[in-house]
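Structure, as structure tokens:
A, B, C and D label the chains in the order they appear, each numbered from 1.
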Amino acid sequence: MSTHLLSLVVAAPAVAAALLLLLPRQARLATRWVSLCGALTSLAGALVVAWSWDKAKGGFQFLEDYPLVPSLGIHIKLAADGWSVALLLLTGLIIVTGVLASWKVDRRDKEFFILLLVLVSGVFGVFVSQDLFVFFLLYEIAVLPMYLLIGIWGSSHEVPPAGPFRFVWKRFAVGSREYAAMKLTLMLLVGSAAILVAMFVLWSHSGARTFDLQALQAVAFSRSTQMLVFPLVWLGFGTLAGVFPFHTWSPDGHASAPTAVSMLHAGVLMKLGAFGVMRVGMVLAPDAAVAWAPVVGGVAVVNILYGALCAASQTDLKYVIAYSSVSHMGVVMLGAATLNAAGWNGAVYQMFAHGIMTGLFFALVGLVYERAHTRTIARMGGFAHAMPAVAVCFTLASLSSLGLPGTAGFVAEFLVFLGAATTRFPWWTVPGVLGAFVTAVYVLRAAKTIFWGPLPTGEFAHLEDARGTEWGAPLVLGAALVLFGLWPRLLLDFIDVTSAAFLQRLPLLADALR
Amino acid sequence: MRLTEVLLLATLLFSIGLYGVLTRRHAVALLLSIELMANAANVVFVAFATLRGGPGEALVLFALVVTVSEVAVGLALVMLLYRRHGDTVLDLAREARH
Amino acid sequence: MNSPVLLGEVALGAPALAALLLVVFPWARRRRAPAAGLTIASSLVAAAAAAKLVIDRTGGAPDVRVTIPWLPAQGHTLAEVGLQLDGVSVVMLLVVTVVALCVQVFSLEYMRDETARSYGRYFAYHALFLFSMNLLVLAPNLLQLFAGWELVGVTSYLLIGFYFARPSAARAAVKAFWMTKLADMGFLFALLVLFASTGSFDWTVAASPQVATAVTALLFIAVVGKSAQFPLHVWLPDAMEGPTPVSALLHAATMVAAGVYMLVRADPLFARAPATRDLMLWVGAGTAAFAALLALVQTDIKRVLAYSTCSQLGLMVAAIGAGSAFAGFFHLGTHAFFKALLFLAAGSVIHAVHSNELGAMGGLRRRMPLTSAVFVVGALSLSGVPGFAGFASKDLVLASVEGKAGWVPWVLLMASAFLTALYMGRVLVKAFLGPPSEAAAHAHEPGFSMTGPLVLLAVPAVFAGLLGGWLARSLGADYHLHLGLTPVVASAAAVLGLGAAVFVFGGAGRRVPWAAALEYFDRGAFVDRGWESLYRQVLLRVSGWARWVDRYLVDGVINALGWGTLEVGTTVRPLQTGRTRDYVFAVMVGALVLAWLGGWR
Amino acid sequence: MTSDWLQLLTLDLAVAGIAGLVLLGDAVLPGHGRVWGRLTAVLLAAVLGASFVLDVSGSTPHGAYVSDAWVLFFQRVFLCAALLAVLGALDWLEARAPLRQAEYYALLLFSVVGMMILPGARDWTLLVVSFELMGVPLYVLSAWAKNDGPADRPKLAAEAGLKLFVTGTASSALTFFGLALILGFTESTLISAVPTGALPPLAGVGLLLVVAGFGFKVGAVPFHMWVADTYQGAPTPFVAFLSVAPKAGGLAALSVVLLSGWARQSAVWEPAVLLLSVSSMLVGNFFALPQTDARRLLGFSGIAQIGYVLVALCTHTEFGVAMALFFIATYVFTNLGAFLVVHAAAEQSGGHTLVRLAGLSRRSPFLGAALLVFLLSLAGIPFVAGFWAKLFVFLAGYRAGLVWPVVLGVGLAVVGLFYYLGVARSTFMSEGESSAPLHAGVALRAAIALCLAAVVGIGLWPAPLLQGATRAARALGTVPGASATR
């Protein structure tokens, strides 16, 4: 097996982006194909990783190590654990379908693809980085291109001023794409600032002055250090994971972003946040994780129910999906807070499942928007006549979203709820399950309003179904939802090895929360 | 004891210069005030060198040269101010602010 | 790989394969013959496998249970999926596949007016449904049963919304899904509670009485939703928006009976929870009587049958609540046949007169003799006239509640038996007897693919009752015919009801005396209204608040932080005055501060 | 180890030689203005190259001047800055003031000579004189645009020069006053001659007055008031230089004074420098927020940057100094590049306001992308140099126990992002009045490209520069202070 497999996965999109820089602006088709090839290379690499990752051996495989700033103990150290396998696959699937879904971006397309690919390289990198510092570095890379991607290619909408804070409308064009992009970037970078501080603390208290995650894992940090680090990491990464009340960048950001960016951001980037909380916060600061678990879990269930309730009264389709992400990321965080195998498996699986599901959602919403030029749910109706495939896939995504058995969403939510039910806080499941019910209410209502009803006339008379590359996202992601829903062990076997390994080191966790 | 008094004198000189810089409207007067401040330093150099045998004596010369060159440039700038604004009132130059 | 498992896999796999092929190959889905052919062939295979399983079982084949790990956790198995082939499941499998097969064949002609696309879609849904239902039936534990449970719910949603262009159908589909999903939360919680306290999803697990009570109560909530018991029954009448064969299969014979099936399966758990059983008894009996009463005033033939289904499911629930799972299951089986028969016959009628309204029918016996005959058979069976299958099973149900809870449930069920006969008599009188209506004048008997299944179903609707003894043996239940108070009263109720129907509804426009009150109740739909206001006044309102709070308070605080930061910048900005003397002043202040720090501190 | 002073000063003298050559050449052969610029650029490049080849290390007999890795590090930084500034100014000077080109280069080079002596000076006399040599030409150059540009520019030019001059001379008066106080308590004029034991209060006052004078040069609050105004009035290619090189010079002077010897007295100066640092971070960031002129914005942002780097200086550890050096080196490339892009854009859009920059990325993708990279570097975003720079100084601060300044800095970096992204917003997201393609001269583009390459290169591979900075810091040597491992 090539030992450079992970670097290939991580670098392929970036290399494609570099190639794009050299392409002339007019080479529009070449731009797309180069991007697609970059994405496909990563996906293929991820598949090879999944194929040859030895479940019996577990641990960290495909290790690569290059010094970056050796004097500070910073290495580019890449390795895949079971979680990485699942998340690499997710990222690969989303970026390939995302590129396909962006085929029709016509304004400044070259820059668009460059930014998109750079971003995704960062995402791949985070998932396999075994050096906290490089982890953070790539995390930032994954976060930042979003500013331009939303600011340039995004869309704006009106938000009428109201409430006690209406004075801010004087300064901010609330709802505009620039506003959304700025809010997203700033909130996420405030989070990064917290992470950075936490990193310093870990680095300087590790004794070895190293950023190596495995080395840090072996260090028993004092309780006070942990109690300082964990909340910083939780809020820092949690902001990206949409943890209440730091989630407000997400609805505006996702609603304003162009299709592929929404797919990537909701589908993959929010997972970076949750992944960070678990991989850095909980694994490195286990005592604090136990102490903070009631808070993390409590906030997570707020996320689930509150996000779902917010989604239920949105009138803009993209906002519905965006708030559903807030709700579903609550499931991930709830799983993380359980600190047991079922919950952690569920959390990681939910990262995957929600990524696929929301990617599919945003791809479809983009498709619909491109044809109908509206995202107001109430204005639409009867679209299934003209676009049956879109309707089917939307329904599929909806069903996964509400946790229907047979879709990946069920496996994830069920595992998380199982995990939660076996903690000291079984009541966590109540808002969790209620949230899933509210999800059923709003997704199916949206599906009904948009796709069902009499044959549309007037402006919607000439809609058409997905065509050409537009089929990519619905087919691939839809199939993935079902496949991984029916046979979750395809991924769970990987995930479980790593969850078990992390948990085994910390037998105290199970006792503490049991 | 004499040292203290000389230092007080220097401080007084410096303060007078500073007062001038802060209150004089005209740029030329301002240049003079700056000279005063610079020379306060020279007084201290000399005072320490002669009363306590410090090594600062030579520096007076350097300080003088530096101050002179500064003032030369300063005068040119005042000329420029006068040409552009028709006066040497320093506060005329406050286009750039906030 | 032993043979029963293989047969079970075939029964599960054939429809799954058909559904998969129809999904993957749009070519097949968009043509009539391949779509219908694939689906029906798969049902046939499944039915054959089921029949073989039942026959083997009669021959003394043992229970078989195979499982494979489905969800791992820390190297162990958290949950399994697999097949459980025992008496209850194979019989249920046979009932389901046979009825499904009949309904699908019936649909060949019934749905012919649909476009090729819709036609294919219809059959694809059917294949999916059969897979889901078989998954449920063959489930070895509550988790897989739940999976099938939810999947049949989805196919139900899709099939109710089959005519999605009709807003009423769309609404009914979503409503059905929401109501059942609301109840399904009970199932999910039951699974969580069961797992958290016993670490297993098996219904045979030895749970403590408290746990068993909690779990069964939660499970029962799900049953109330799925099997349309009061007060969650409101979705079922609306579900009649779906194509009639769908009503026959899902909303009469099989899917709604899944609740009862689950009660039968989980009986070991329920046995540890007498409190839940009492609740079931009351809810079942109440629903049986209440729904039968409402069935009396329906003018839509399908809604009559829908309420009748509610009522009959109430019967089954009550029986299981009374501790006789076998009675409930037996009635489930016979009911599946005769109710499917009734629906299909009604479908045949609707197909002929192009209306659901009883008023548009009348005198059909001449134009459609075969349909009329089988409808009568179904009606008699449903009414529990001795000699028909319905009698045998209903009698068992009634006998099981004998003396329970101060005879009140017994009285309620007996009343419902009478009312059943009465409303079925009403349908017979209005639709098939009397002078032909305008629409009925042009009606004619449908083709063979529709009548065939009718005849096929009529057979068990008459004779399935004879299988009671065999069924009891194969399930290991206690069954003996008895003669006593209950069968006599029940027979009397049935005959009296039918007779009264002729007497009461004999003339045109005749109604029961208290029809006005019932109609008011039905139209006012108090229960329905209650759920709706829960949705609008509570859920949507809270949701609206949440939206406002998020946009203007939570996000507002964050905006305000940004605003405040900018405001600081704007506020301090004039300090940069542009006057050189101020700059020098700043330098000197700074120097003073530093000097203070340096020496005079 | 003593050596021939001529050898030690090879590079400095070479630069002085270029200045003389240019001045003399222009007098002898007037009217060939543009030649001198190119000659300067080539010769500066040659000197820069020579700095890697020649061995100039050593020290003068009495230790007044040394040349070592520390000095070389700074000299290379200054040479790079000068080279880039010259390249950036070529076309502009040719177009705007063809007759005064040689003057410009000569003045610039004189200032560079001052800078280049500065880090090696170990005697107070040499230090202050070279400091002034660095400073005085800047007064003149600030007012260079006296006849140039739109109607308000000449007025602004005079103003830029005067503000710099008045605050500058007031500060140098402070420096001299402070120096006089210091020398009253020391044995010799060597900087390392530090009174042992408790520092007499007057010497402490003197030291901090010197710090105040140097603080003016780096633009630390409250000695920063001239910054934005001068940047706005002075010619932009010169501001590119002014905003980086003298700051590096000031930092070198501060380091030499505070660390080579006076580290022992860190208890006296550390709180003061920390105060400067924190106030610079605060004032720089908050004042930058509402700015609408790119030059003023970058001016205030530079003040904030100085606030960050002073944190590292406060640590008075070798590690901290190394990080500060890394910071200032990356800052030179970043800020110079940013100003050159602003210059290039403003030359053709007729103004430096953000509104005028709108649509830049459409008009010139190269300039747009370059500006974005520089902004990201200033904001401290990964994979561009500024990220490492900011990270390293914060790391150094954190390691030395300066937790709260670091936390404040990290927080304010986010505020900084607001206005950096604001610039990115106008260049990338807004549509400008004109969408005509924008062309910058070859030399200017080359200068920008060089900055870009440096910023990206360091961002991707920081280790070599970090190594250099560490070697330099080691060469300076710090007295292991009591608080090094606090």
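FYI, contacts are C-beta pairs under 8 Å (C-beta built on N, C-alpha and C of every residue); 3 or more make two chains touch, one makes a residue touch a chain.
Remember, it's a predicted structure, so these values are computed and weren't measured experimentally.
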Of B-C and A-D, whichever chain pair has more C-beta contact pairs: A-D
Distance-to-centre winner among chains (Cα means, whole assembly as reference): A
Euclidean distance of C-alpha centroids - chain B vs chain C, Å: 96
Interchain centroid distance [CA atoms averaged], chain A/chain D, Å: 42
Whole-Å gap separating chain C and chain D, where each centre is the average of the chain's CA atoms: 77
Chain centre separation in whole Å, for chain C relative to chain A (CA means): 36
Per-residue overlap in chain A, given as positions that touch at least 2 other chains: 186
Sequence positions of chain D contacting 2 or more other chains: 162-163, 166, 170, 174, 202, 228-229, 418
Touching two or more other chains - residues of chain C: 562, 566, 573, 576, 578, 580, 584, 588
Chain contact topology (line, ring, star, complete or other): other
Pairs of chains in contact (touch as defined earlier), listed by label: A-C, A-D, B-C, B-D, C-D
Complex interface listing, chain C residues touching chain B: 573-574, 576-581, 584-585, 588
Complex contacts: residues of chain D adjacent to chain B: 124-125, 128-129, 132, 136, 139-140, 143, 146, 152, 154-163, 165-166, 168-170, 172-174, 176-177, 179-181, 183-189, 202, 228-230, 232-233, 296
Residue ranges of chain D touching chain A (in the complex, touch as defined): 361-362, 365, 372, 376, 381-383, 387-388, 391, 394-395, 398-399, 406-407, 410-411, 413-414, 417-418, 421, 424-425, 428-429, 461-463, 466-467, 470
Touch list for chain C against partner chain D, complex: 562, 565-566, 568-570, 572-573, 576, 578, 580, 582-584, 586-591, 593-595, 597-600
Partner chain C, residues of chain D touching it in the complex: 162-163, 166-167, 170-171, 174, 201-209, 211-212, 215-216, 221-223, 225-226, 228-229, 268-269, 271-272, 275, 283, 286-290, 415, 418
